[in-house]
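Down below are the structures I want you to see.
Two complexes follow with chain A in common, the first pairing it with chain B and the second with chain C.
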Partner chain A sequence: MDSLITQRDSVNSWMFRYGVRFGIYKNGEFKEQIFPFDAIARKISGREWQRLERGLVQRVNALNLFLKDIYGGKKIVKDNVVPEDFVYSSKGYLPFCEGVTPSKEVWSHISGIDLVHGKDDEWYILEDNLRIPSGASYPLIAREITRNISPETFENNAVCDNRNYAQLLKNMMDYVKKDGINVILTPGRYNSAYFEHSYFAEKTGAILATGQDLHVEGDRLYYKTIGGDNQLVGVVYRRISDEYLDPMVFNADSLIGVPNIMQAYKAGNVAIVNAPGNGVADDKGIYYFVPKMIKYYLAEEPVLKNAPTYLPFYEEDRKFVLENLRRLVIKDVAEAGGYGVIFCEKLSDDKFNEIKNLVISQPRRWIAQEVVDFKDLPIFDGDRIVERKADLRAYVITGKETTVWKCGLTRFSRNPDSFIVNSSQGGGFKDTWVMDN
Partner chain B sequence: MSELKFEYKSVSRFSSAVSGHAFLLRPKPYGDDSQRVKNFKIEIPQSKSLFWQKDSFGNDIAFSSIDGGHTEFEVRAVGAVEVVEGKKVTAFNPIFRYPSPLCFCDDEMAKFAAFYKADNAAQTVRNICAAVHERIIYTSGTTCVSTDSVRTFSQKSGVCQDIAHVFVALLRSVGIPARYVAGYVKGLTKSHAWTEAYYDGFWHGFDATENISQSKDYIKIAHGRDAADCPLNRGVFCGSVVEAVEIEIKVE
Partner chain C sequence: MNSLISAAKANRLFWLARYVERVFLSLNAVKKYIDSDIDGSAESYKEFCGLLSIADSYADAKDFRKKFLYDKAAVSSVYRMLVNAFDNGIELREDITSESLSYIHLAMEVMEKCFVNSARLSDLQPVSDYMLSFWGSIDENVITLPKMNILRLGRRLETIDINVRLRTDWDSINETLKGGILTNVNMLPSVTDKDKALRLKELVESHSGENHGEDCAEIIACINQVFTARL
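Let's turn to the complex of A and B:
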């Protein structure tokens, strides 16, 4: 890895030239910044990866079955495994999707599962992202650049090739699609992940379109070419969240969606990737139930553990949480992206009591977790190597089969005291080497 | 058994031609055991086609789009409903127990609702209906289509949609499943909104705007958790124009 490390600055400057940027809204202003790359790759041994792979496939399969059940017969609710409350009060639950079966019964085509590697050597699932998990383009392009700059690094290390990601995406889209072309729907260039949208369109051969390029005629979705012809669309990999997808059904003020696309979807004439309504399954409250889902749907023991989690919704858990609050992390189930995460250990007494009262008055709103002491990874801070907290987002693609991409996004916190590694909170990333041994 | 005939007409006039006009309507009365729909007809002269689907609440949806430029958009629907007396709607969906995007309570509302709780659900519903009627003064122009129940409750004014929302939210907070209903009423020339509460094994209609229970003069068009689930019409189009909409409803 040495030659790569000595050339680490040029990797970042190449990324800058490629336009690998990350947009962020701060105080109402849009800023594009680069997502800093750290040259010391995270290595995961082949054996360790096999176990991760098994656990991730199992988890995503169970989550897909859960979504099918929730928008169908709701057996898991009737059998009292998941309380009704957590389904119907979830912001991600869309009544409009009741009874709609997506093409080939796939709900979560692209799942981004966030994990951390504990100091006890156990991997813990932090959260599931089943709506529009982003970020796969970063390690892809970083690998491309590092391979060019330092080919010998990859000659001397048996690293699994990660270039098949676009092929996995394309195969999945081809598998679920109805008659018509493949389209990636982007909100446009002011979106924080626009770089990624255009990158995947290029790599998968799909058309990159905004809402204005698409329209519904009857109950079919069409793409209007520059020449003015209408082309039937068979699958849309949309990078627009549910609430903005169709102004006729969801947020009426949305200008980035496609009017009546939900009717074309409901009529079975177009596949939408990921399926609308998935938010009900990646809710922080539902997270607690995923190990139970695995047992319920697959009759298997979960391979990968959740971080120890308590639901104040249950009286027993609430008691425990209130007694041990100082050492726990409290998360607002409605928030995402590292927002609404409270480390109680560091709170002033006033703030602490405020949180305590909130847990008592609105128990459904929170989950409480033990702080998982996860491993530090070495990163460059200027010319010295320091240790920082890092997580791993694994990408799991479900088409005909469920496949884990042999790579992932390792994000680290640049702040030595922070456990929060989300890119929207100003961290950096590393390549993730799955070793071929 | 009684029959109500209705005529619905809406005309949108655009100050200059618009195109790429997509629309979605809920123009047809809700058909169930207590209300049968007869002789329903719809005409949209500017649209060559019209497609139908049902949403997950059982409301009929009509949708289509008009590609070419046009300066007028007209919808005419006529029909009749037979109100079947003594027939009760028992079909229940637990979703109506929970807060929804426009119908939820803050602490003050929860306390308010709890205060009116009686020994039985029927009395609780009547108490809360009267209390909402008393508190929220019907005033147009103080709210918009996306105003939520908490806002209406605190400002104490709104239109029928807002009053129905507050009523729904308060009922849910005391454990009575409730839903929002949009429809037409004999004697009114605009659409109306009211509330259905579930107790004793079936749905009961109440109109908190008037502080009465639903009479046979009401035609139910659609229902949902709140108004955002079942708007009677939505449309988007391209063009920088001024739109003037006239809606006329006649029920007899």
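Let's turn to the complex of A and C:
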């Protein structure tokens, strides 16, 4: 890896050249910034990966069965495995999707599962992202660049090739699509992940469209081309949240969605990737129940563990949480992107009491977790190597079968005291090498 | 790479091509005027501004050299032309490829550095080089004919426009006119404005070179109308 490390500045130059950025709004102003790349790759042995792979496939398969059940027979609720309060009060639950079965019965086509590697050498799942998990483009393009500038690094290290991600996406889209073309639906240039939308369109050969390029006629979705021809759309990989997807069904003020797309979807004329309504399964409250889902649907023991989690919703857990709040991390189930995560140890007394009262008054709003002491990874800070907290987002693609991409996004915190690794909060990323041994 | 184009993308392809070519031709042209300032009255830039319909708000030749190149607020500066090219290009990554787009990124980087250092015109040579590289990459990577056609149409139209304004010799303009612009227009999908298309054909084919400024202005207007009508 030495040769790659000595050329680490070139990697970032190449990233700049290709416009590898993410957008962020600060004080109401849109700014694009680079997502800093660290050249010291995270290595995962082939053996360790096999276990991760097994656990991730198992988890995503169970989550897909859960979604099928929730929008169908609701057996898991009737059997009291998951309380209905956690299903129907979830912001991600969409009554419109009741009884709607997506093409090929796949709900979560692209799942981004966040994990950390504990100091006890155990991998813990931190959260599931089943709506629009982003970030795969960064390690994908980073690998392309690093292979180019330091071929000897890859000659000397048996790293599994990760350049099949676009093909995995395309195969999945082709598998679930109805008659018509493949489209990636973007909110537009000023979305934080616009680079990724356009990069995947380039790499998969799909059309990159905004809501204004698409329209519905007779429950079918069309892409309007120059000269007025309408092209039937068979699958939409949407990068727009559920609430903005269709102003006729969800947020009426949405200008970025496609009116009546949900009717076309409900009629079975277009596949939507990921399926609308998935938010009910990646709700932070539902996370607690995923190991139970695995046992319930698959009759298997979970391969991968959740971080130890408590639900203040349950009286017994609430009592424990209130007694041990100082050492726990509290998460607001409605928040994402590293926001709404509160490390109680660091709170002032006033703030601590405020949170304690909120847990008492709004128990459904929170989950509490033990702080997982996860492994630090080495990163460059200027010319020094320092240790920082890092997580791993693994990408699991479900089409004809469920496949884990042999790579992932390793995000690290640049702040020595922080556990928050999100790019929106100043973090950087590394390549993730799955070793071929 | 798919060959379908929405109206919005067609428009962006057209203007991307025009702005990239405008950056290249403007840098070439301004070099000549700055050169003639060396031996002349130091006011050649006024003529340059007049020909390109740029409002002469410059204090002197030095002010012109700085602001025409780098003024971020002025619509006619080379910097703004490049930003406009970028604004169109960034929404066309999947159509023009990341590689082609990268040359605009690189040109922007040079421009920003030169702006900070108040660099000389000669330091902007890489910008011209990147514009040429952009076209090389387009030729290499944009394999769908409809997209390539719109890019070529935009590029040719801009070349004619700038050369007519700068009163470049007729032979050069005629070469661009006869070199395929009619084909580019006719290859646009679904003719919706047949009268204009016929008038354009007549103008290009019957044109002799006399009063070429006026005729070319009509040709440019005609192409713009035909293109817009097909969006």
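As a convention for this text, the second predicted complex is superposed on the first by the 437 of 437 C-alpha atoms of A that agree within 3 Å, B and C clash if a C-alpha of one lies under 4 Å from a C-alpha of the other, contacts with A are read in each partner's own complex, and residues count from 1 in each chain.
One rule holds in what follows: a residue touches a chain if its C-beta (ideal position, glycine included) is under 8 Å from a C-beta of that chain, and two chains touch if they have at least 3 such contacts.
The model shown is predicted, which means the values in this text are computed figures rather than measured ones.
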Superposed partners chain B and chain C on chain A - clash or fit: fit
Partner chain in contact with A:208 - chain B first, chain C second, else both or neither: second
Touched partner set for A:436, first chain B, second chain C, both or neither: neither
Contacts of A:266 with chain B and chain C, given as first, second, both or neither: first
Chain A as apex of chain B and chain C, Cα-centre angle in degrees (nearest 10): 90
Which of chain B and chain C A:229 touches, first, second, both or neither: second
First, second, both or neither for A:96, with chain B first and chain C second: first
Superposition-derived minimum Cα distance between chain C and chain B (Å): 14
Shared contact residues on chain A - chain B and chain C: none
Footprint of chain B on chain A - complex, ascending: 84-85, 88-89, 95-99, 215-219, 247-249, 252, 259-260, 263, 266-267
List of chain C residues in touch with chain A within their complex: 1-2, 4-10, 90-91, 93-94, 97-98, 101-102, 105-106, 109, 146, 188-190, 192, 230-231
Contact footprint of chain C on chain A as seen in their complex: 16-19, 181, 189, 194, 198-199, 201-202, 205-210, 212-213, 223-229, 231
Chain A contact footprint on chain B (complex, rising order): 20, 22-24, 49, 51, 53, 55-57, 61, 63-65, 67, 94-95, 97-99, 145-146, 224-225, 229, 231, 234, 236
